[in-house]
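Heads up, there are several structures right after this.
One chain, chain A, appears in both complexes that follow, with chain B as partner in the first and chain C in the second.
Take a look at the complex of A and B:
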């Protein structure tokens, strides 16, 4: 390797002599890279973090994954598994160097079984590709994270991703039936089953959900699929007060109504999508997207009508309801593009993935939305409240001028204050985007009672600490100095 | 910062606006041919950022990773942050070429021995990348060439070609056609 002279490369911990050749022996010459350009690229994901690996390897078979882990384990080399690198908290950023295990070659759909309502896939299959393949069978893989266009099933399991449809169909963990995992020592284990129910001892497959590559490498997964409903009816409700939208969400859920989508967008989010992609959303304080689905139209109408009534009780207006698939697709597209659109909210500001998702009890939704803006104002940054609120999830982002150091100090305070509030009301650090590096300080506080158990599990499954080391419970206490930032601030 | 890349500094705000979501890459034909993260549009933006901040030293490999592009704009048409990806690639290509690196991998080349100097290529090229040199021989400017292949397809002498390895050379297209026909026959 001929790293550059810049500090970012000098920081690379000396790698094992002959590493690249050893890896090439396992996977072949073309499936290993260590050029500075590749290391630089694979050192980032969608988070604010950046740290360089020593080499990137792209295994083509499960046996190769096993061989790589056997080798890494006996040589004490860190292995950071990577799907699409769409993680927002630095989960796939190799903070201690080592090997990046790029899973995207393991991208085969192995079995589609409509009669058993499951699908068996390799970990590198992209979510949207899976849904495209399921469509002709009349089925879907339901969680639908906004990043479905790129995120891999392995990455979604490792982060317990969820999305617009999780309010009705559950998060990734609710779809996992079984999986094959390569453990730190290279052994291959079968976890879970192919059946919908299982009460056969420890649910070790569930342990892998949300493990962020620290306990094993998921190589294959059996996931629940559901028939695509015949009718989908979507509505958009406008509010002049953010809190009223929040109250609507909690009442819809508490009323036993079954939305298939219940999404919030505040004015910052609305302005951003309208500016960036000209979606023409009404310029109001908050919008709520509501959807009901099912095979009986009258039942769908009934659910939508109930949601509408509740929204109206909280002064919603301009409620536009429609079965038009084209309209729905357009709105969903806008929603999926929200994160990037936020970067266009204000000239000179960028959208950074910080304090990006959390969950609070439904009754706190309205208060949370207001709190986000108060905290942002105090710290001279802009924040937004949006997300799959029907499942309790609230997304924010921090919009700031990333080239100014004091903005980062403001961001650090804002993140701390937000999470103090979330903890105080019994919420959780991450609803779906995972912990990685940037949410680790808050998460460690939230989980302080169970950190010992978590540490013991990690030690038992990965005694040499090779799997994504320095993350979750082992992540640094200050996210801002944990790695280089992907932005240059002065 | 290396003097050569000073001109790229103006893209710094746009590169900060890129949230690195990766929405641009599943649709990139270059990535389909070279499925490494380093071959994605998102990576190109990162590499340019690395060059202009000085984090990354320029090299032939960096030049190739940035400049290999068909300018189809699938990336920027799908980028909700509206990052002008291809404008940035084009200017980075120019800067890298000026610094002495080759940026011609996805560009067309004219075989002088086969060329009949009809200048069809000059008139069909929307990027104005083919010009006759002082001897009247059409030459492709690798910085301006967007690798669209229109010149190669319209050259009556078969004098223009694109390189192997990106799925667009004559031989690769022939193979693709054969495979498709064979697949069709099997289905029958």
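Take a look at the complex of A and C:
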């Protein structure tokens, strides 16, 4: 397929003549790509969606980002900012074509300030790289999303990522102190500050968190860092009833116990991991991973002991606990390898990132886990319940044969039913993976009374609608037909 | 003075005929006031500013708030939302006249959900009342601003308040989960959610935090609550050098020690308290209050011990530490009574809330404390350094003879110099008291490159500019002449 010929975006904005040459003048020849193989790779992220960009540009400086934005804004060219492309909802899929702004060259750690407990980084810095750099200082950047091996800090901010440690240390929004953002017109603005507290008017930096590239291009961020605790103790508990694991989660939180990790895996997840990498996880209805950390062993013991007591009250068995780093890594390996394993659950079935995450109030955790399986059964697909449940986050995926059209219809129904339930209990569409395209229909229902405000903010900050257009409030109402799919269904 | 005759607002918007009767039709006769005594009281907050409103209206329901906003929006009448009026920068002073919307009747605690770790309240609920209601559940709402006895949750959100416990538990922005807001046109919107994590698009609820009544009227909020720790241990340490107390603060934070309170009082503050209430605080250069809390005594001991070691390294002496609740209250009483005492520091001198708070990176704490006194000396006023320094917050006040015009000139210079320094070290204009009128000139310099964005957001959400007009980016460039002063200078 030639750039500019995609049926979706051709309707919207005609591709500008000489685009590639114009971009090359800004960033140099090597930093612009438009060969079909590259366009295809950059046309997808980790979602089910696919739509080809016109060109990919890889700026090496903030000034180049500004220049690209000025050019795109003058010419009405869509700009889709992309970190690692690990988003699961189509955030980085260029539904209206345009330029992919690949931020990975902007990957410098600019300042590590343990004495002020912050780090200042360019947007393309990878989470694990940041944590490796912080380790010698005895500090960590805590959210720890599962994609930390590849995810960039800019992408994490744009999606308000969270992860295994968010139950104790908060989500990305809780770590942002300030940032530099290139706005649609190419202007560079400083938002927030470097201080721990700030009450200096509108928290525009926080507005950028979760805006999924629709309000500006984050080029630099100042993030809170925390000391690495001296002690960590991890455990795993087995349950014969999924609801009992759910009730354990709710009660741990309500009791005021402070886990640093509190993760669920249901039987579908366990089976997938055992099939994929033969870990020999116990074939039970649910596993619950618990961890506590701190600088005083007695305090860590206390938190672990309380979690253990609560789990046992709900009939947990086979509880295995360790302070040893190697043993902890081994215990948690199944959870770490889960996402990659899910496609191995059943021959011919693929793991699709649909209804892939949500958040519910803690007291609904058990009900939610069961609901996922009921809805899957009813719609002839397979779903799994897992996730950072200690922070209210539930993950699922839809496992199905993506070559069969009726499976996609089942997926559509399942997604709708899942989010109807989530809304009915006061939950929210996304806990940490963002909205993009595939969650947009559910999200628009959840946020119906603030869509006008959201649209007004978007228009105020990006009047020509060049920044990741066609997403969030402007996304199509049916995710299934919103773009081509990455799968061929017949 | 008759409503509508004030020289400031008469220039701006002529007062509407029949305003009081129109409002009485909405909320009933008793809930509208326009007698001069009331107008005078509501023309000031805890700042130096004063400007009379046209009327005060006290809605009893959300629907009444909506109706008032619809009316005001149609008629171009300014609406200044007011909680307790404890704001120190003129946030609730109606610089363009209009209606004061007194939120204190909306004071219901709607839901306490320990199992989901949130509380849902109307905006007029007082902080201390909320904490009293949470106590039987074993929970607390943590920020703890000094004004918690009167401050409302709505006002705390609008100003992103923080306080003594923010060093460990965060500021208001870290506790907000969701809210209901009446927009300028009277529409009621739900923002955020009830869940601990949320990545569902623009975090518009967080944008409302710190917006000082200029974007909407917060009528209800869902806030995170945390369990009350079993153990609290407080201590106080004396220093002969202010800088040594500042260095102690920086090192405590950088070392990864976790205080639950870390507060500074300099000699001006100590003297003021001793003069006002004869507490017999030691007449030293600085006092540092430290506290640690937790569910395991060994862990609390550990944190306190580390703080003590660091303080001693910087020559602290007379360190007094206690787990006993009564003793703790006694130790901290001086800090609690500080604000009320400052006006007693010197006969004929008043305590004015000018340059009253700021935040700086931790490593600048010692330098900042000294800078405050240098600037005060140079400008012939008295200033004090104190505050929740563990969260980067520094408070000061300007003590002066407010009847002397040249003292106000000195204050103007001092305020300017303080904030020039704060900006030069990467600090921010306000840590927790907000911007209003008296910090607006400094804030506009700090945020100069995002003022356009801020203005665009304001215009998008309040196109008729009725919500607290003339504040933040629209505030006058000279706070001294922005309004009448609450003091008579000759």
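Assorted remarks:
FYI, the second predicted complex is superposed on the first by the 473 of 490 C-alpha atoms of A that agree within 3 Å, B and C clash if a C-alpha of one lies under 4 Å from a C-alpha of the other, contacts with A are read in each partner's own complex, and residues count from 1 in each chain.
The rule we apply is simple: a contact is a pair of C-beta atoms (placed from the backbone, for glycine too) under 8 Å apart; a residue touches a chain by one contact, two chains touch by 3 or more.
Values in this document were obtained by computation on a predicted structure and should not be read as measured data.
By the document's definition of touching, neither partner reaches A:136: not chain B, not chain C.
Once the two complexes are overlaid on the shared chain, A:102 sits against chain B while remaining clear of chain C.
By the touch criterion defined above, A:403 lies against chain B but remains apart from chain C after alignment on the C-alpha atoms of chain A.
In the superposed model, A:149 makes contact with chain B only, not with chain C. By the touch criterion defined above, A:196 lies against chain C but remains apart from chain B after alignment on the C-alpha atoms of chain A.
In the superposition on chain A, A:84 contacts chain B only, with no contact to chain C. When the two complexes are overlaid, the chain among chain B and chain C that reaches more residues of chain A is C. Of the two partner chains placed around the shared chain by superposition, chain B is the only one that A:344 touches, whereas chain C remains out of contact. Against chain B, the residues of chain A that register as touching in their complex are 4-6, 8, 33, 35-38, 40-42, 44-46, 56, 58, 82, 84-86, 102, 104-105, 126, 128, 147, 149-150, 273, 276-277, 337-344, 348, 350-351, 353, 402-403, 486-488. Here chain B touches chain A in the complex through residues 12-13, 16-23, 25-26, 35-38, 43, 46-47, 50, 53-57, 59, 61-62, 65, 79-82, going by the rule given at the top. Contact residues of chain C toward chain A in the complex are 113-118, 138-139, 159-162, 166-167, 170-171, 173-174, 183, 187-191, 193-204, 206-207, 209-212, 215, 226-227, 250, 253-256, 294-296, 298-299, 302-303, 357, 359-363, 388, 391-393, 426-435, 443, 446-447, 449-450, 452-454, 456-457, 459-461, 472-473.
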